[in-house]
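Presented sequentially are two complexes of subunit A, the first with subunit B as partner and the second with subunit C.
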Partner chain A sequence: MTATTLRPRRRLWAYLPMTILAGFFLFPIVFMVIASFKSDHQIFADMDSLRAFLPVGELSFANYAAVFDRVPFWRFLANTVFVTFSVTALGLIVNSMCGYALARMRWKGRAVVFGFIIATLVLPYEVTILPMVYLVANLPWIGFEGVRPVLEIGWLNSYHVQIIPFVVNAFSIFLFAQYFKSLPRGLEEAAAMDGAGWLRIYWRIIVPLSKPVFATVTILTVVTSPATWNAYLWPLMTVQSEELRPVMVGVQYFFQLDPAWGEVMAYVSMITIPMVAVFIVFQRAFIQSIASAGMKD
Partner chain B sequence: MTIAGTDRAAAGTAAVARATRPRRRGDFSRSEQRAGTAFAVPAIVLLLVFVIGPALVALAMSFTNARLISPVAPEFVGLDNFRRALTEDAVLHRSFLNTFLFAALVVPLQGGLGLVLALLVNQRIAGRNLFRTVYFLPVITSMVVISLLWRFLYQEEGLINSALSMVTGGYFAGQAWLADPSTAMGAIVVMSIWQAVGFHMVIWLAGLQTIPEEVYEAAALDGTTPWQRFRHITLPLLKPTFVFVLITITIAAMGLFIQVDIMTDGGPLNSTSSIVYQIVQKGFQQQQIGYGAALSLIFFVVVFALALLQRRLTRDSANLWLASFAKED
Partner chain C sequence: MQRRDLMKLAAASGGAALAGPALASCSTSAGGSSDGELLLWTHSAGNEEELAVTDHILESFNDGQDEYTVERESFPQDAYNDTVNAASLSGELPDVLTVDGPNVPNWAWAGNLQPLDLPAEVTDKFLPSTLGIFQDQLYSVGHWEAACSIFARESVLEAAGIRIPTIEDPWTREEFDEALERIAADTDYQWAIDFATADIGEWYPYAYSPFLQSFGGDLIDRSTYLTAEGALNGEAALEWGRWFQGLFTGELAGIESPVGGEDFNQGNAAMAYNGNWNALAAMELYDDMLFLPPPDFGNGPKIGGGSWQWAVTSAADPAGAGAFLEAALSDEFVAEFANTTGLIPATEAAAELTENYATGGALRMMVDYSREFALLRPETPAYTVIASVFTQYTGDIIHGGDVQEALDAAVSEIDADIESNSGYGF
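Up next, the complex of A and B:
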């Protein structure tokens, strides 16, 4: 008898704090999307009631239209997508190969390289960002004038300055190495018997067996790297040209003494919703990936 | 970018193929030596250029009065930049204190709340996946967006104030959170936790799920209370997760920048200025790259010392976590 009378109350105690917390985590995001459809006047008028979270009053796409007038949105978006894709794809290749060499091959210098990678794990990237600006401003690059290659000095204002410095990632290497270590021993020996070389073994045997860690590193790179979807400080410092800038830097176009908040909400909704949509679709993989990042094996 | 590596690995491939017939042990090792190096080379080169490179640049620039764009060649100024940073720059000292304060608040609060959330969504109840998703949502929202959004929420006539006024029945009059030196940093702390706690919830959750159910069942049979089980089973078994959470939140907190840049510009009265904000201000906005480089080096030393300290304090578990990989076999 006690069990049946207790149960609903216990359930209430389980759901009540969770629901309140859900409200706490959701309210700014709901407000953002709702406000993006309202005029500034309406946003402020609705502020002192629950109307702030409800699609009531005069709703329109006027703010969105204004955003397209103010910034080259599609260009920003294309830049971000291109840079995000490049950093992620190149990172998967470079970091997984290094992780593989560390985890499953014996070579001189392995211990030193591993120690070095572990040491860089504890550094926030902001530590080197300023000297890095100076460094990339003086690095050589081979550009093209028509088809004629020319030597250029300085990487500023380019796509490669947004991509190449962030390809290598100590944490990604670490995750790959851990995963590769967990694969059964003797895979390489068996393949080598059949005459396969290391690159072939890696590409044909190891990579197909390691899809989960590739998914994990992809998701972690897109969500947490300072050079992918969320890139802000680095492109702010190294890319002045509007044609090359990513979406997050675009928020600067809305900084004014008295911002048009409806437009701000429209712009931040536009640069948030694509990621949220991707997250909702691959939700399980996202959570799984973050979870595995914290596990030691 | 892997071209060099591919060629050398291809050479290794041929060597393995040759060696597979009547293979001598030595041949295999030599090809492994070559291929191993080739596989790691692209990453090593990039690490050298973009981690060691900037560190060396910082070291070299920090003894000069170099400017970012200047027709005049930089001059050697000895330890001037460090002297200025350590003895004269009061704003910098304030920024160090602010950053430490930020970390000291965010690390325990975010780590703790993350654990609470993990315990909540680890209950076997319907809809727990939905709650996980909701708590995680801010993590995939950019800090740039969040900062801009909360700048609006924190205004005097903003949503936070109207919510507080509603909850307290009009008792709470309203407050311009970001404009008051005594509340601005606290406001940034709350928002930062709101954004990132879902990430650590997931990390804790993964730790919780490694604890076998039978352990709890056995303990329950022994007549223990839920609190005793949490205190004596859950917490000790979560120690490796604890170390990971501690280190990752600390690293992230020391890099505090975006929130400050977008919400307060370091103000009011430097009450929210952070180390990275000062590095960007001095080294980039004001173009004093020599001085900024010196600040970067000081910051580097501080972060590294902090990391060593944490490793030492949590030695056993930290080693367990890292060395699960490092040990030779």
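Up next, the complex of A and C:
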């Protein structure tokens, strides 16, 4: 058997399981999109056969039109985009600086502080959420009456309650610190000899050399943080005004005494599209980030 | 990651940065207030019909006097209880809110609600099951009631030679069992009856515990509210459990039947045990619909009672909230809810103002079922735990688990919860 005949066969064996697996992963998404064009009655009628995954029967955009009647979709989407961007952008600054201080600066007790930060990863989010609600309900904030600043008590029902508690992220700090440790120390020593301070070294030397870890943290924050695209429980408990709600809370609008399944599928299709678009654009970086998240350089 | 990839990411997020200041100006505050402003929370987000009537009530009240102004905030129903519990924790409760009937004792016991001081002529006309009473005090009143019945088709029952039951002469257990067996034997339906078992919200205690009560058991010993021993695992309860399990093991009912009576709607099941909120949709599908009373398993037919109601929180100015409720509970608004949502009007006068529930109306029997057969779920703060435990162990029974073991385990968990909460004030 020659190499030229072996190669396509090997390729076939490699692609076959991958194709089957891809099919499994695609089925729910295909079902979601197809069902979004069907009436509830037809969704259930097609459920027992492959018709559930095929655009057959009476199809229409009625569910999509109904979504806009039931939910202030654009408002929810704008809220989620704003909160996701804010948490991610502020998180990159704060967590990278923290990681930098822990990885590169020499100060007493940094090992203890680093250990303490890592220890917080052990606590599940669900355990800390109630104390956090109580905490943010009693924190001070400077608001404005016209142009006059006023002291307010409580952060509830605001954008900042959806953003600030999630800016600092122990896992992001860990990733930054681990990456920064791998950079050659000679670079910053040379910069220090030229008169650069810690902040300048961080900004001019460390950040430009650390694009991969910034990309990793960006993607992981957007995808996995409980405060970004998938934010549900926290805004449910801390945000009462409909004008401030994110898209995931909107899913519940379709579950009345009996769920409107076609509309649910239309709504989740619509809120999935932005994430799919981001994934397609940043596919390579996304895969690299997942691979590097578990890797210590 | 390439430089251009980072640029793309930044560009994708740029719109959000521009939108930020505009969005930030929308921050609002919640929480009960004085100075004539009342905040009202409803569980109806996404339910345009209910919201439209609520808004009509608010508009009418706000325009009809100038002492108080009521504003509304709505929340999705499935997430509503979590939101209220969080607001209670953080001291941000509104003035008036909707509460699901079975939750009234728990919220009253937790100090979230205050007793209502409404004139008797306002509340006396309401169906008993629409009044939320805890320890002899009235905490809530509902505009509507919901009722379950057996959805069936006249042509199917007649073809199978099955007697059509009435409110005066419902099926006995033997008749009901025979009807199911006959449908299974003589028709092509996959299932004789659809119990919508996939609905694992509060459906199990709401829909199935009335069967248990008709057998003579209960979710808790209502003479003390301190234990479920004997009520949920005594002889009557065991008899119910074995009978109910037999429907599924005997393949008369599907173990995984979809929410909302879809097996019946699709023609897979000959009958369905379903709520009145699905009645109009069923009437559109079949022109020979019957809404039959539940069977009498020995202690009279029973259905679950108590739907969503209005309550005043402990944070509210009672005068303002009371004035609002008094205006909101008029027969006209009760009828408007029924006409708009299809739910059962809570007063007789309002029923006469509706098309379906007036005397001779297509769904009039639902009012009668509520009045004759409705049994409130146990009026105890422990109900939230009871509901969850009952759902879990009834699921075990449906899936073929040992009935005695399941009910004993349920009793053990319920009693442990009551004990750890020092009897919930009983």
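A few points about this structure:
The working rule: the second predicted complex is superposed on the first by the 277 of 297 C-alpha atoms of A that agree within 3 Å, B and C clash if a C-alpha of one lies under 4 Å from a C-alpha of the other, contacts with A are read in each partner's own complex, and residues count from 1 in each chain.
Note that in this section a contact is a pair of C-beta atoms (placed from the backbone, for glycine too) under 8 Å apart; a residue touches a chain by one contact, two chains touch by 3 or more.
Everything quoted here is computed from the prediction, not taken from an experiment.
Overlap between subunit B and subunit C is detected when the two structures are superposed via subunit A. Within the superposed three-chain model, A:192 lies in touch with subunit B and out of touch with subunit C [touch as defined at top]. In the superposed model, A:241 makes contact with subunit C only, not with subunit B.
In the superposed model, A:154 lies in contact with subunit C only, and not with subunit B.
In the superposed model, A:117 lies in contact with subunit B only, and not with subunit C. The larger set of touched subunit A residues comes from B, when the choice is between subunit B and subunit C.
Once the two complexes are laid over each other on the shared chain, residue contacts for A:256 go to subunit C alone; subunit B is not touched. Overlap of the subunit B and subunit C interfaces on subunit A comprises residues 44, 130, 133-134, 137, 233, 237, 254.
Of all residues in subunit C, those touching subunit A in their complex are 1, 3, 5-6, 8-9, 12-13, 15-17, 19-20, 23-24, 26-30, 41, 45-48, 73-79, 82-83, 86-87, 89-92, 258-260, 262, 265-266, 275, 277-278.
Subunit A makes touch with subunit B in their complex at residues 11, 14-15, 17-18, 21-22, 24-29, 31-32, 44, 47-49, 52, 90, 93-95, 97-98, 100-103, 105-110, 113-114, 116-118, 120, 122-135, 137, 139, 164-168, 170, 173-174, 177-178, 181, 192-200, 202, 223, 229-230, 232-233, 237, 248, 251, 254, 261, 264-265, 268, 271-272, 275-276, 279-280, 283, 286-287, 290-297. Subunit A makes touch with subunit C in their complex at residues 41, 44-45, 69-71, 78-79, 81-82, 84-86, 88-89, 130, 133-134, 136-138, 143, 154, 156-159, 211-212, 214-215, 218, 233, 236-238, 240-244, 249-250, 252-259, 278, 281-282, 284-285, 288.
On the side of subunit B, the complex with subunit A involves touching residues 1-2, 5-6, 9-10, 12-17, 19-20, 28-29, 31-37, 39-40, 42-44, 46-47, 49-51, 53-55, 57-58, 61, 66, 68, 117, 120-121, 123, 125, 131-146, 148-150, 152-153, 157-159, 162, 165-166, 194, 198-199, 202-203, 205-207, 210, 240-241, 244-245, 247, 251-252, 254-255, 257-258, 261-262, 276, 279-280, 283-284, 289, 292-293, 295-296, 299-300, 303-304, 307, 320-322, 324-326.
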